[in-house]
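Multiple structures are listed underneath, in structure tokens.
Each of the two complexes below includes chain A, the first together with chain B, the second together with chain C.
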Partner chain A sequence: MKIAIASGKGGTGKTIVSTSISMSVNNAVYVDMDVEEPNGAIFIKPEISREIRYTVPIPEFYEDKCIYCRKCEESCVYNAISIIPQAKKILFFEELCHSCGVCKYVCPVEQAIIEKPKAIGTIRIGEKNGLKFIDGILDVGIPSSVPLLSGMKKYIPNDEIVIIDSPPGASCPVVEVVKDSDFVLLVTEPTPFGLNDLDIALDIVKDMEKPHAIIVNKSENNNNLAREFAEKRGEYIAMEIPFDRKIAENYSKGIPLLTEEYKIRFKKLVEDIREGKL
Partner chain B sequence: MKIFIAGKGKELNSQIDDRFARCNYFVTYDTEKKDITGFEENQYKDGTGGVGVKVANYIINNGYSVVIGPEPGPNSANILKEAGIKIYVNHGHIQDAVEAFLKENG
Partner chain C sequence: MKEILIISGKGGTGKTTLTASLAKYMKSKVICDADVDAADMFLLLKPNVRKKMNFKGKSVAIIDQDKCTSCDQCRKQCRFNAIDAENGNYTVNPYSCDGCTLCTLVCPVNAIRMEQMVVGEWYISQTESGKMVHARLYPGAENSGNLVTMVKRQAHILAEEEGSEYVIVDGPPGIGCPVTSALSGANLAIIVTEPTFSGIHDLERVYEIAEHFKVPVWIVINKYDLNTENSKKIEKFASGKGIDVIEKIPFSKCIIDSVVKGEIPADNCEELKKVVEKLTDKF
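Let's turn to the complex of A and B:
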């Protein structure tokens, strides 16, 4: 079973929740798919046994073979190619390319376009005290994380409990992660910003018909914003984590929520999800 | 000689658009006929990405020798430079921009 920890707004506590859950239950797999700033490793401190440089194919153009027919330029829906017949030049805009391969497919000349691998990030596989660990690190300057996310999925084992630390936001990377998950835990904070973005994230999760529940982090007894929001939208709050200086101090030292009390609560949460009670 | 103008409108007294590749109209000015000889609505205007490349490709494949408009983005500028098409940046009215260009280039 794959449980994705998502949020909408960044900085609400996805990583502390997902690492804490992973370290509380037995034989889990923790997958950090927040590849633009993966920080689960800071908390889990895994021993990395394998590093894979992940590549996508991109075209390389050979001006001496090209007949300047412009078929590739016209076929490229991402507008990544400019063929300049008058100057016998080809300009390729790598950052616009989606590695679809259509340019090579439509090219009538052999060897005018050759696909070359381009590294976009690193996938790391490791382990810590029986907890399997996988994370992805997107290279600096790569405009989209989606290809790396889809590449990471090949390395996720089909274990009983897979906890996925999702990227923040409510766009393509989140959709890429959530679409293969069986359950989504949405971590929010009881602030207008947290709830505004949770509202958008909930729309996505509901649109994809994924069972889900909310975790309120930095919760305060006298702050009912998140509780009122959940009631209004008919959503279930599975857990509240208090706004506590001690938690923040530990977090700053790379220590997740691992007191006996929390271990029991997180175990129960995962049990409830697996038994379909949420 | 055909001049490509990135227009907000399509008349001589229209403004040049504030954005190059996402301008409203592709306006053609013919230096021999000394007038606007055609225009086309910019169908790429609301594209999600690579609009600069698309419009620069349009310009180099439709026989324009000169471009008048606001500062193009880096992708458009690169393509036009490689194709040997000169860009004259102007933010005023189309008529004034064309006159300024003609004065400068005889």
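Let's turn to the complex of A and C:
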């Protein structure tokens, strides 16, 4: 079962919740798919056994074979190709390329365009005290994380409990992660920012018809913002983690939330999800 | 005219809190919220929308069921796994479709066409602190770099019209396409970080991008007293990179309470107001 931990807003506690859950239950798999800013390893401190450089195909142009028909340039919706027939020059803007393969498909000449692999990030596989660990690190300067995310999926085992630390936001990368999940836990904080972004994230999760529940982090007794929000939307709050300066200080040192109390609460949470109680 | 961009790498470090506070206390500026995935600055600045426009994003493939012969070519060749075939019924998953048009080219019976989607809205608004350009990307829409470019461009046009000296931009988190779009054309990037291992890690990654775009960087450490040892590491990182402007904001309940109430934190919290004044003096 794949449980995605998502949030909409960044900094609500997605990573501390997902690493803590992973370390509380037995034989889990933790997957860090927040590849722009992967921080799960800071908390889990895994021993890495394998590193894979992940590549996508990008075209290479051979000016000696090219007949300068400009078909590739016209067909590329990402404007990644500029052809200057007079100068017999081909300009390729690699950072705009989406590896879709259209240029090669439309090229009438054999061997004028050949696809070559280009590394966009690293996938790491490791382990810590029986917990399997996988993360993805997007190379700095790579515009889209989606290809790396879809590439990572091949390495995720079909284990009983897979906890996926999702990217923040509400656009393509989140969708790419959530679409293959069985359950989504949305971590929010009881501030207008947190709830506004939760609202947007809920729209996606509902649109994709994923069962889900909310975790309110940094909650305070006198603060009913999140509870009122959940009641109004008919959403379920599965857990409230009170604001505690000690938790924040531990977080700053890379220490997850693993007191006996929280271990029991996280274990129970995962059990309830697996038994379909949420 | 000078563009000042606030970014953070890591989310939740206090980017929007600082931007809204700067926006309030700066003179002669246009405010721009370029964190279009999770645009929250409106909650503090309470804009009155004066002009609203649709934002058209990528095109998405649509399969004409009457013409489709279920030959499977489109599904096989799609690099984005965007085509689903259920019982010989071929459909495009609009979330996965990248709009590349390869399927329309490989289809032997011309059963696939492209349609451009409206994926968001952008607005020009009036706030108590001045004019503001902001946007809303519909949930699950394509990666938002184009919309970031669009709101920034509109903010620049507005600043020209108004004769404003500054454009102040609340940037997106992360290091991907939206951030590169935000950095392009910025005259100064203020990176808001926090003294956590995650904050430092992400600061280093986002700094690398700013450096790549040759945008000068200032660093603000938020909640610096949460871990003074880590704050020292950040200062060391900054001095190693030759960054001389670095401000520190203490962990403050007052700031959190202001945000919860939807008020501009610098109005209520002296510790933040001091930092804001120091920064605006240096602009």
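Everything that follows uses one rule, which is that the second predicted complex is superposed on the first by the 278 of 278 C-alpha atoms of A that agree within 3 Å, B and C clash if a C-alpha of one lies under 4 Å from a C-alpha of the other, contacts with A are read in each partner's own complex, and residues count from 1 in each chain.
The definition used in the following text is that a residue touches a chain if its C-beta (ideal position, glycine included) is under 8 Å from a C-beta of that chain, and two chains touch if they have at least 3 such contacts.
The shown structure was predicted, so the numbers you read here are calculated from the model rather than taken from an experiment.
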First, second, both or neither for A:193, with chain B first and chain C second: second
Per-residue touch tally on chain A - higher for chain B or for chain C: C
Touched partner set for A:37, first chain B, second chain C, both or neither: second
Which of chain B and chain C A:91 touches, first, second, both or neither: first
First, second, both or neither for A:73, with chain B first and chain C second: first
Touching partner for A:203 - first (chain B), second (chain C), both, neither: second
Residues of chain A contacting chain B in one complex and chain C in the other: 78
Complex contact set, residues of chain A against chain B: 70, 73, 78-84, 86-87, 89, 91, 93, 96
Contacting residues of chain C [partner chain A, same complex]: 9-13, 16, 37-38, 40, 43, 59, 77, 79-81, 95-96, 98-102, 105-106, 137, 139-145, 172-177, 180, 194-199, 201-202, 205, 208-209, 212, 223, 226-227, 230, 251, 256, 259-260, 262
Residue numbers on chain B that touch chain A, as the complex places them: 47, 49-51, 53-54, 56-57, 60-61, 75, 78-79, 82-84
Of chain A, residues touching chain C in the complex: 8-12, 15, 36-37, 39, 42, 75, 77-78, 98-102, 105-106, 138, 140-146, 150, 167-176, 179, 190-193, 196-197, 200-201, 203-204, 207-208, 223, 225, 245, 248-249, 251-254
